[in-house]
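Next come the structures, one after another.
The same subunit A turns up in both complexes below, where it pairs with subunit B and then with subunit C.
Moving on, here comes the complex of A and B:
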């Protein structure tokens, strides 16, 4: 990438990376603070009203709740640096262990549905926006609006009704974490999620393309005689992609938590469900660890999205 | 009228689709010719149809929901009204270059200047790829851009308004077209930059014998460099006049346009303006469309009638009914 050598671009990217790192730091501070700012004592909340003082004291020690707030924070950071996110109170397994066994499922779900949503949105949005035939635009707007207005669990239930109950193409529950086999269990949730993401992304891309095609440089390109393929990429898609890319990176981050509904409906052991369980059982180290990981992934995704948007279109301020 | 002009426009009528049934005339009865190697200035207020007339020359009317309803539009023997995509592919970027309106446009924001020049250069499929950079630098030199090596790697937002416009001109002349369509190429630029761009266009005409059609609403500015001036008002061409003779114009609208210039040399106090507003599209008066605003109007001007251009001198045509009575 020769343009990365250019000092201005490099400076902007380094600046953006610095911001991502500083946000990550604050994410860490917040995840540390959560257990300490909730009302009441996490240890006695966990053990219940009838717990003995010794047990509570023991748990406080495990949870790193003793000593000054500064030394607690130092302990926490030192632990993180050694890859120690704590131990689940519920199961006794390390948080890292649980996350690394449940996160991949959620990532598969998100990455596949993002990929397919892009694959669908690009041809749909660009062609509808470019030709702008009123009836087709109307149908496009209505269909996407209906999908957006429908709660995702409802779409998921319709999916189950059709593909599991009627034709039995998708299993009711169960999961196999090995890669291509897991798609047998994941394809239906991916389909549902793709549908929802497509309607969001295609609407954004549609309005960007509608804006782009009115621009004077597009006309200049036509009159210059630019060939179809080049025209499609350099004059329609590339100048319109930045908002979509930024939105996508943001959506992928928020979806980490939002997939909990899909995971519950399809009985999938993903990280979203793990988080909800941890909250329900007052498993503070788990909550803290998962939030930290969600936060860091979200920061990383939005950094990547901004960088891609900037590389596509230098007008973007990141 | 010359025997074999490069472009010949006759009674051209352009309409725009407003709704499924409603059509609005934007240009009707535009007629003029462009001879090889001439610079033609197309002058008129906003809404006079000059931009649409330009678009018809490059075949992008349909982008604006407009189309040619009647008339003739011939470029070097090719009927542009009936032209298919394959014909346009041979004309656009090769035989007709285009310089867009400066205020809104400029180069593609997601491509480097070099990539766009290469695109323009490679419209000639036989051009060797290894020479693209050399040719790009050559083009940037023609349009007098300093540090062309740096500019090649830059994006449009890194350039000034004048430089953007120079780049657009460089792209337009890449294939040495016979005609350059420049739609308000200097609107919104500094006065000094405007003059430089005009000078550059003049130089290009001299070096490559290119015809240029220069759209503007600034008559004094383009009168300097044009050979002939075509004046448009409310969708019609009202006068065609050699720029040398602009002071002896025989159409009150041209006279009014010329008189409303701001004379920087001798400030005389009151700035002259043209009465009223240009009639809006669809509300053109019957008869002479300038009649509502004209100082010389008589009842016969208001009668519903066609007002063709009348030859009143060498290369000088006017549509004014009272041309022989008008004197300054």
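Moving on, here comes the complex of A and C:
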């Protein structure tokens, strides 16, 4: 019987991996198609009305816009397999080079805020859900609802208003990549992100702990007199974590989108600001490449989230 | 006598789960919509007129003060209501209709190839964070509120289609659909009269919460300079403009930001109230 269980789990996980790969393929198709489905020729649009035919032809060649759509796609995929995402029209650097120099900062931003958010929301939501006093629950729900309905750029602006304009604790412009110095620039964006993440995570954790509380095994645990610590981690938290992990993986994807705005506000040299610059300068290969990277990261995150959730709680359907 | 009964009914309705949330959310929404109609149209100033010294503080004539060009901030803040909520309404209702229809068609479709093709297209589109794909498409469509509506229509439908498809598959197996078939109703009548209302109740519920997300995305894109173009008064772009003048006047970002929060919070109270009423807690 245990053997059977194991092989079934393996089959489910492999099936989920297959889905992740097929969605990745479609992510690739979409980032290929995005330049081509819009009416009009992107090459002449970028060069403007007075451009010469040769220049347009040259750009079309660089952008891989010549030949049939099928051969364009083959070229694109072959390029991707060799790690070639194209070359930035603005700076002449390869897209992969720019991505690998800007992506780490963005990932740090997201990982640190997720970590702090988990650290805060686990005690907050479990204690509120466990003791469930009506007025506190009400305040908790309203406060998190208000934070969630507030756009991150407004929260960031209020942060700047308090910490930069009133007291000069956080510089808004410039960035220093050296380790201890960069914290001076990073703490405020991380704080803003953490605040938002904490309200999302604690809401979901709150409702799943409330549900877990009603389960029979929790009652059994109380009756059997399981130790406090063990009771908290294995009877309450572990079964409640599955929905939270799924949400977390989804939220980290959304956070990637949100960092586009945060990095622009705090002028941090991350991939999000790079995307906005590319959009403002019509740097098509950059936009296409960053879009692909974002899509693949999101697919990978949601795959990981589903797998962890399944390992935590086998009842989860993935 | 009658009035009292109505009042009692109302009190009972509020006492039901989520009633207070729905009521306060609706009230907040109605207040800002009314202000958004009255102040720009019947107020003393025009949102684009220069009426005084830049950065003038709040006064009796200009309760919110003046902005960096000397325009009345209150008029500008409230004339954004129509822009933001209007664009968001379009940006929600177009995908809602498109997605629901596609979802129902998919739920009924038998052709395996079409199903898996459109199904994976939906998964592929949903894989991207909405803000990212919107920013990327703006490169090719050009900035502006019109582009944002088009982009929301061609990308956001996929989220509705996923919900509507799942729902359509469930609904099509219900007994009342079988009954309608047995009664010999036409396919058109079954789809329009029996399937669509039951499927769309789910997608409309999602649309309400999506409304908040879409408002945030519209103002966020405008904040990045990719949405509303000057001199259009729009909350996101007003906050972006106010960024450079934080030391002169904090009101430039606070008033538009608070109006934006007010609308989003109103909607989220309504959404939460409705979902609590559905769950009955």
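Quick note on the criterion: the second predicted complex is superposed on the first by the 309 of 318 C-alpha atoms of A that agree within 3 Å, B and C clash if a C-alpha of one lies under 4 Å from a C-alpha of the other, contacts with A are read in each partner's own complex, and residues count from 1 in each chain.
Everything that follows uses one rule, which is that contacts are C-beta pairs under 8 Å (C-beta built on N, C-alpha and C of every residue); 3 or more make two chains touch, one makes a residue touch a chain.
Bear in mind that the values here come from a model prediction, so they are computed numbers and not experimental data.
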{"item": "Joint occupancy of subunit A by subunit B and subunit C, clash or fit", "value": "fit"}
{"item": "Which superposed partner A:69 touches (first subunit B, second subunit C, both, neither)", "value": "neither"}
{"item": "A:78 touches, of subunit B and subunit C: first, second, both or neither?", "value": "neither"}
{"item": "First, second, both or neither for A:136, with subunit B first and subunit C second", "value": "neither"}
{"item": "Touched partner set for A:119, first subunit B, second subunit C, both or neither", "value": "neither"}
{"item": "Partner chain in contact with A:280 - subunit B first, subunit C second, else both or neither", "value": "second"}
{"item": "Touched partner set for A:17, first subunit B, second subunit C, both or neither", "value": "neither"}
{"item": "Partner chain in contact with A:146 - subunit B first, subunit C second, else both or neither", "value": "second"}
{"item": "Touched subunit A residues, subunit B compared with subunit C", "value": "C"}
{"item": "Touched partner set for A:315, first subunit B, second subunit C, both or neither", "value": "first"}
{"item": "Minimum C-alpha spacing, chains overlaid - subunit B and subunit C, in Å", "value": "15"}
{"item": "Residue ranges of subunit A in contact with subunit B within the complex", "value": "3, 6, 215-217, 219-226, 230, 234-235, 238-239, 312-315"}
{"item": "Subunit B residues touching subunit A - in the complex, by the definition given at the top", "value": "58-60, 63, 88-89, 92-94, 96, 98, 100-101, 104-112, 115, 119-120, 123, 153, 155, 157, 168, 171, 181"}
{"item": "Subunit C - residues contacting subunit A, complex", "value": "120-121, 123-125, 127-133, 135-141, 212, 216, 219-220, 223-226, 236, 239, 242-243, 246-247, 250, 253-254, 257, 260-261, 264-265, 267-269, 272"}
{"item": "Residue numbers on subunit A that touch subunit C, as the complex places them", "value": "19, 22-23, 25-27, 29-31, 34-35, 38, 42, 45, 141, 145-146, 148-154, 157-158, 160-161, 164-165, 253-254, 256-258, 260-261, 264-265, 275-276, 278-280, 282, 284, 287-288, 290-291, 294-295, 298-299, 302"}
